[in-house]
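Scroll down for the structure; my scribbles are underneath it.
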Amino acid sequence: MDLHALQTRLRGFAAERNWESYLNPKNLAMALTVEAAELQEIFQWLTPEEAADIASKPEAHQHLGEEVADVLMYLVQLADRSGIDLEAAVERKLLLNARKYPPPPQA
Amino acid sequence: MDLHALQTRLRGFAAERNWESYLNPKNLAMALTVEAAELQEIFQWLTPEEAADIASKPEAHQHLGEEVADVLMYLVQLADRSGIDLEAAVERKLLLNARKYPPPPQA
Amino acid sequence: MDLHALQTRLRGFAAERNWESYLNPKNLAMALTVEAAELQEIFQWLTPEEAADIASKPEAHQHLGEEVADVLMYLVQLADRSGIDLEAAVERKLLLNARKYPPPPQA
Amino acid sequence: MDLHALQTRLRGFAAERNWESYLNPKNLAMALTVEAAELQEIFQWLTPEEAADIASKPEAHQHLGEEVADVLMYLVQLADRSGIDLEAAVERKLLLNARKYPPPPQA
């Protein structure tokens, strides 16, 4: 998926609806957490085993897809409106994680 | 950014560290929300105006990039391990949103 | 409000409905965050000034009261089922905060 | 625990440190969710069984107590600054819940 193209589409969507003034990074961060929590709610009373099997429940799985999309769409808007290059941010964090959690020695 | 390639890299990263058993969708959803909240924490005491200017504060901006990356990396792992096609999910949600929020009539 | 009495009432409510097996601390922590996010959602597109004036909007204010109650009820259940004495925890944290943030010198 | 007395103490604590301007309901709602997520983080990689046994791990249990206290302190401040009577809100929600989830018939 081309995240830059998605950012451009979401800019257009917001501009057409005069939502620009709401979409500052503080509000977008709040909306991101709210969507993450809505996603989490799908799993809250499930056992880990039931959660791992979510793809077998069509209704819950479709709902999950909607929440995943909402999280991604708020995240790319937040990055767009706070000057974060998503790809560079991920590459940098992967390096930090590799340093923080070195792989265990192989037998 | 190629999100499928990122999913493959994160699978390898987890497998090398024997983290597989932790990464069920329930736990990943929890981790996603925790990272979203850490991102949100950067903005919680800022005014909307200060938040919009986050790119001018190098330390906070770098921190923000790390949290953005963490959210994206947990999201793609969650999608991967619960059978969600990210691109299809976003296209479907864009359609739903366009229907739910029709653009206002142009003057 | 007597939080111990509230814990007892919520234990009875759960027992009558055979909800016991769901109410482990992990699930309760998830439900707590979900309710906090639902509360936060009320404020996400408001300016700080509009948020401060929430009591003047009867419908939003009533909704806020419901979310506040949900957060408190999950919090006391979580404390109950993980052996946390709420009053002792608050007294201890007030001391830690007073040490961490000493009051500024008075003129 | 007397939640009104706690509200008064937290008002004094904030006033002494000139924090008043930060403590509008929008910011307090953000802080509440952040603390709930920090609490949740304690449980995110634990099995439900390990989570239920948290009281046996002194360090994690003490940490949990701190996060529980943080959530409660932000919640009572939020209620205080948005005109919510905590006790009335809980009584009303208990009634709504009893109506929404009637107890199953006894054998």
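First chain written, first letter: the chains are A, B, C and D, and each begins at residue 1.
In this text, a contact is a pair of C-beta atoms (placed from the backbone, for glycine too) under 8 Å apart; a residue touches a chain by one contact, two chains touch by 3 or more.
Treat the numbers as computed from the prediction; the structure is a model and nothing was measured.
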Inset, instruction - Count the residue numbers both chain A and chain B use at their shared interface, divide by all numbers used there, and answer same if that is over half, different if under half. - result: same
Inset, instruction - Could you tell me which pair, A-C or B-C, is linked by more C-beta pairs in contact? - result: A-C
Inset, instruction - Can you check how far apart chain A and chain C are, centre to centre, with Cα atoms defining each centre and the answer in Å? - result: 26
Inset, instruction - Report the inter-chain centroid distance for chain A and chain B in whole angstrom, where each centroid is the mean of the CA atoms. - result: 2
Legend entry - Residues within chain C bordering two or more other chains: 27, 30, 33, 36-37, 40, 43, 48
Inset, instruction - State the interface residues of chain D toward chain C in the complex, per the touch definition above. - result: 1, 3, 6, 9, 13, 16-18, 24-27, 29-30, 32-33, 36-37, 39-40, 42-43, 46, 48, 51-52, 54-55, 61, 64-66, 68-73, 75, 78-79, 81-90, 92-94, 96-98, 101, 103-104
Inset, instruction - Sort out for me which residues of chain A touch chain D in the complex. - result: 30, 33, 37, 47-48
Legend entry - Touching residues on chain C, where the partner in the complex is chain A: 22, 27, 30-31, 33-34, 36-38, 40-41, 43-45
